[in-house]
Amino acid sequence: MLRYLTAGESHGQNLTAILEGIPSGLGLTREDIDNELKRRQVGYGRGGRMKIESDRIEILSGVRFGKTIGSPVTLLIRNRDWENWRERMSVEQVSGERPSETRPRPGHADLAGAVKYHHTDIRNVLERASARETAARVAVGAVAKKLLKEFRIDVISHVVRIGSIAVESGNLSFADIGEQAEGSPLRCADREAEARMIAAIDSALAQGDTLGGVCEIRVRGCPPGLGSYAHWDRKLDARLAFALVSIPAVKGVEIGLGFEAASLPGSQVHDEIGHNGETFTRLTNRAGGIEGGVSNGEDIVTSVAMKPIPTLGRPLRSVDVRTKDPFEAHKERADVCAVPAMGVIGEAVVAFEIAGALCEKFGGDSMNEMKRNFDGYMKQVREFSSS
Amino acid sequence: MLRYLTAGESHGQNLTAILEGIPSGLGLTREDIDNELKRRQVGYGRGGRMKIESDRIEILSGVRFGKTIGSPVTLLIRNRDWENWRERMSVEQVSGERPSETRPRPGHADLAGAVKYHHTDIRNVLERASARETAARVAVGAVAKKLLKEFRIDVISHVVRIGSIAVESGNLSFADIGEQAEGSPLRCADREAEARMIAAIDSALAQGDTLGGVCEIRVRGCPPGLGSYAHWDRKLDARLAFALVSIPAVKGVEIGLGFEAASLPGSQVHDEIGHNGETFTRLTNRAGGIEGGVSNGEDIVTSVAMKPIPTLGRPLRSVDVRTKDPFEAHKERADVCAVPAMGVIGEAVVAFEIAGALCEKFGGDSMNEMKRNFDGYMKQVREFSSS
Amino acid sequence: MLRYLTAGESHGQNLTAILEGIPSGLGLTREDIDNELKRRQVGYGRGGRMKIESDRIEILSGVRFGKTIGSPVTLLIRNRDWENWRERMSVEQVSGERPSETRPRPGHADLAGAVKYHHTDIRNVLERASARETAARVAVGAVAKKLLKEFRIDVISHVVRIGSIAVESGNLSFADIGEQAEGSPLRCADREAEARMIAAIDSALAQGDTLGGVCEIRVRGCPPGLGSYAHWDRKLDARLAFALVSIPAVKGVEIGLGFEAASLPGSQVHDEIGHNGETFTRLTNRAGGIEGGVSNGEDIVTSVAMKPIPTLGRPLRSVDVRTKDPFEAHKERADVCAVPAMGVIGEAVVAFEIAGALCEKFGGDSMNEMKRNFDGYMKQVREFSSS
Amino acid sequence: MLRYLTAGESHGQNLTAILEGIPSGLGLTREDIDNELKRRQVGYGRGGRMKIESDRIEILSGVRFGKTIGSPVTLLIRNRDWENWRERMSVEQVSGERPSETRPRPGHADLAGAVKYHHTDIRNVLERASARETAARVAVGAVAKKLLKEFRIDVISHVVRIGSIAVESGNLSFADIGEQAEGSPLRCADREAEARMIAAIDSALAQGDTLGGVCEIRVRGCPPGLGSYAHWDRKLDARLAFALVSIPAVKGVEIGLGFEAASLPGSQVHDEIGHNGETFTRLTNRAGGIEGGVSNGEDIVTSVAMKPIPTLGRPLRSVDVRTKDPFEAHKERADVCAVPAMGVIGEAVVAFEIAGALCEKFGGDSMNEMKRNFDGYMKQVREFSSS
């Protein structure tokens, strides 16, 4: 069973994750993780803090001589800005006046969180509710991705909508999508749409507004048979939805056709089954690679909707939790759109869920053992499928 | 911790669920559950089997003299058709020829499930992957609903789309939606749209086609503070997404504005915060009652997209798993649309997740204790919120 | 992941268990389970109810034509005495006076349970706290045992102490212990001690007293590598201790030498390692087959201490929960000793834990797949171990 | 739900734990934790490394201005000796020859762990299987203890046996046991026995041998009603057994009378119930504070048996995993007995389990809320119990 916990405040000393259950013998370097951390930090539409961050991983346990050894992996990311926050974020009691944050921002966890935990200083909420935490999840996802690569499973994402601008649903191959998104400042595989998205972001910035959008996350190479229909809480699509909606600001998720499947007649929704002489095929992939909660061997396709960043240049009305006086929440900032980053985070959480399902199905304590089990199953699948 | 397991094949002897963690002292009758089972079975667009079923619950444990006693609750629903299937679904080995189902239906778990579990008789898959299982989940949800009622928390659903026909997004109150949906054969609160939906269903039936749609599920009365931003796997919206996507045929889920939030600028998405002299208010509820993974006291609003029923009157191409010969999958049937039922199932799984979150936050082994804890917290919230 | 829930009151309609996670293709018959249920019910020292019970299993789901199909297995045991209790254990509200049990018995969960769940009728506690529930666990364990048998793993138990009478720690082989215990009315492998134990039971009965004792539970054929040292909650010995102490009336558990290991010097406790030319050997098995939380391939040996049955013929003082008046708790009965049954229950819970660890390590959704993975690992172990 | 993960190798950079689920508002300082870390490190019979360690905690998250804020708590302990191990424990690949540990020590996880994870360098096993990991668990337990203190629940331990020397079972009060153990170099509350234990340790050292022993761990102030009889995996005694047996080298655990209960007749085992006019009383506490898996308000008493340290001065036979050549495992060292430390670790894991059960029963996200719920329940208990 693969599992992890993350910890850390946005302006605390660092973020930490402990990842438990990775088999021994998986090659893992800092670069593997730093690459993903970097991918999370780029993207047109982000303001200044991203530069401050420039995250780098420290692997504190579970890896020796470049390979996992089967014990829990500790991942640590220092917050570069920590020195400036040392006092305001002090672990110890401090004497004297402590400035308290009493103004909840609309669209954030601030007010609901303060009520729940009985906080009068809202900083106690926002420090942890911040999307900063996703850096730790991306680090965990990077390990999962490395594991998946050993089984030739790839996870990619691309931006398909920013605000009102959407890409044309095209016929790009998996490889092309991945490559073109990687070369785009917006992580968008459609150059024409990208230009209009950039213009939309610039325009929103000028108006003190922000934009959300939609990313598509795809998995290629997943064997058929991950997840299960046998019990509701083992369905692979449900697990992906759980992971994706847990990303801050995500308000919707789709598998395959998603909501479009609700609008079309059945004859245009279900994927017919064929056979190419060697193996079963599906003539389309409207299901997004999962039927009955079980992967079917096609690409897994999910779409994820993110709301706009809640901290605007334009004022939003709110109320001080102490005085109950109204005030206007706003902030001069250059952060307009975090959708490209969300795609990278989405890859990470999807990679973790697929890796988890893989570990469950194939067991194994070393990569050798896990691969042997995987190979044996793939042979079984081929025999089942071949004429 | 509230938890449950379900079991049972579609044409087996019965469905069973064991629900563990319900406090003692909750009033519970068979009628409470039978009402929900019945609600699941009605709905324009369903064919013949619904009549065969006419599900009735048997409570086999955990309830005494009309009240829960703190021990696990066993819920059993007999499959009325069982006698006709006794042989084909025999638990024991039978001598002689056993007819084997070797033809996977597109859009079902049939093929992926057979590959996973190494079944050559696809009946071993379809019996459990069938939506019949949801009857057990509705029964569990009925108990959860009863628990929620003690805290004045209500869960309703209504159909907002069937195929290409959608309701106008209106200004109906929570109570009106619930009432009008309940009186509608399609569980639709908009009479005008309902008429067109019925026409669309009739037309699909005539063409041997099927239709999906969208339900909205709403929760009223949820206290602020369920779920948590503190760790990703405790977010209430993620848990709801998990539960909803685990319903068969669901391909998408939204919280609040959902995908629309990805298209609009931030200034039109976030809910401003006010104060009415007594308590904090939100001027809108675009977030759907959850911010940062935490309920904020507003109505929780989720939308769920269901694909059309995969068994059509029109043929879909498939391939026999044994012979690898192509065949055409189709069936004469009157089942065109199961969206109203999906709404009821959605209520059940949402009720269970909310009840679970409630039990975690308030603890308590008896209803008295749980209510005392709840009341204490609500007083704390009022004091936090009042000027 | 193997998991199960049980439900049912001692005098309710039945006991139920749902077992989730068993691979497809495991041969399973009612006899497999009935045999274990019967073994639980025999044993010198038990009184009358055992005859009333004569438990028989009904398999309601998850098995078809004599084999598991991968979906959850429902196991149901009817309480034969139910008709006599129908009114007192009514699920529905009943009109008129309901006799209430207000007298907590010492040594039972009665008082602590009533306080916890706020029950004034102690029957609401004792019905579920009764050891009757273990019948469901034995049924679950019977399925686990059947799974283990496919991997040539056997689980046996024998009584090694009744009250002050203990067996001589002898040199019986695993097979001899199993066989001789099976032929003994007390499940004791030492005929000489058995005779004295029977005398002790007879004497206790005459005095209105009861006796506890100790069982040893052994597992043969466990591969090395189940459990893990990598995280505390994955240790195999901890999981066995959890399962064994969860059996009613168990007050202690030992792995290998157990408490004796605390009295001896290290040079007499640790098992030296040898090699026989083909594989590693251990010259002794004082560790009881588990080192560092990991099975080492030797027999797993655990001892479990059970306190005497708390309902005595001789009076014990107690206090009525309603009136607070003192009374004397006692009962005319022939139940003096349940230790042999405890051994059978211990086998069941140990079998479940080993089967769970096996499923985790080897994965697999069908028996074929699981066995292939197991065989691959055993080959790897042999190659690791051979010169 | 309280949960935690630990990570870190014995000679790695540090140990880390992430603890999730602690309510906000709990006062917590480094001293709270350092005190416990120090208690773990003292004790007659330990050799040199204890001095090297002198563990100190760093709290990296979850605490602000001396109080928990509801987000996960990161606890980090640096390994002082790390600099000397930097190369041998390098996370990165190193060029050149790497010395490999191929000699498994009897009594350790070395061989079973190497087989499981397919390690040829046994250091990959022993670094994580080392008891060093318990420092992280003691840190977690220190937080749990701080939480318990807010509810006036105390956890203490004392050594009751070292090798063949046992304390007389005396009549010391809870407070006296705690105080006298705290003042003893062996954490033994019996001065006379202590002297003989010290002599035994000195003698073992002279012979190159080691000694195990038994600790008793007691909890005072636990409310009645923690744990549950309603489902086997919620029993408090089972959870304590799980946690205690997960401590390295523990081979047995007892609740209350433990194995002695198996030897005595029922009339000498069960605790009679009384009433003192105000509340129910128990005339004895042979059950060790738990009946039917539920705390009954009496002191919780458990005994834990630890085997001797497996690394002896005297040689034990073993076999090299690469060459299969026999060798003699031994080491010049002053570590003879780690039983006092085990008691402190036992306190930690018991404190964690009790704190977890408390959080489940009383819920609550802030200390205020949790205490209000606790107080309400205690009032209910008093009303239930008073005449």
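Read from first to last, the chains carry the letters A, B, C and D; within each, the first residue is number 1.
One rule holds in what follows: a contact is a pair of C-beta atoms (placed from the backbone, for glycine too) under 8 Å apart; a residue touches a chain by one contact, two chains touch by 3 or more.
Keep in mind that this is a model prediction, so the values were computed, not measured.
K.L.:
What angle, rounded to the nearest 5°, describes the rotation that places the Cα atoms of subunit A on subunit D?
P.N.:
C-alpha superposition angle, subunit A on subunit D: 180 degrees.
K.L.:
Where centres are the averaged C-alpha coordinates, which chain has the largest centre distance to subunit D?
P.N.:
Result for max centroid distance from subunit D is chain B.
K.L.:
More than half of C-D's contact pairs recur, by residue number, in one of B-C, A-B or A-D. Which one?
P.N.:
Comparing residue numbers across B-C, A-B or A-D, the repeat of C-D turns out to be A-B.
K.L.:
Averaging over Cα atoms per chain, report the distance between subunit A and subunit D in Å.
P.N.:
37
K.L.:
When the centre of a chain is set as the mean of its C-alpha atoms, what distance in Å lies between subunit A and subunit B?
P.N.:
About 26 Å separates the centre of subunit A from that of subunit B.
K.L.:
Indicate the whole-number Å distance between the mean C-alpha point of subunit B and the mean C-alpha point of subunit D.
P.N.:
Distance between chain centres, rounded to whole Å: 44 Å.
K.L.:
What are the residue numbers in subunit A that touch two or more other chains?
P.N.:
Correct list: 5-6, 20, 70-72, 116, 118, 128, 225, 228, 230-231, 365, 368-369, 380.
K.L.:
So in the complex, which bits of subunit A are touching subunit B?
P.N.:
So the residues of subunit A in touch with subunit B come to 5-6, 104, 106-116, 118, 125, 128-129, 133, 137, 161, 163-164, 204, 207, 209-214, 224-225, 228-233, 235, 237-248, 250-259, 261-267, 269-275, 280, 283, 287-288, 291-297, 305-310, 312, 314, 316-319, 321, 324, 326, 380-381, 384-385, 387.
K.L.:
In the complex, go through subunit B and note every residue touching subunit D.
P.N.:
Contacts found on subunit B: 1, 20, 70-72, 225, 228, 230-231, 359-365, 368-369, 372-373, 376-377, 380.
K.L.:
Please give the residue numbers of subunit B that touch subunit C in the complex, ascending.
P.N.:
Within the complex, subunit B touches subunit C at residues 3-9, 12-14, 16-18, 20, 23-25, 29-30, 59-66, 69-74, 89-94, 98, 116-119, 123-124, 127-128, 365-366, 368-369.
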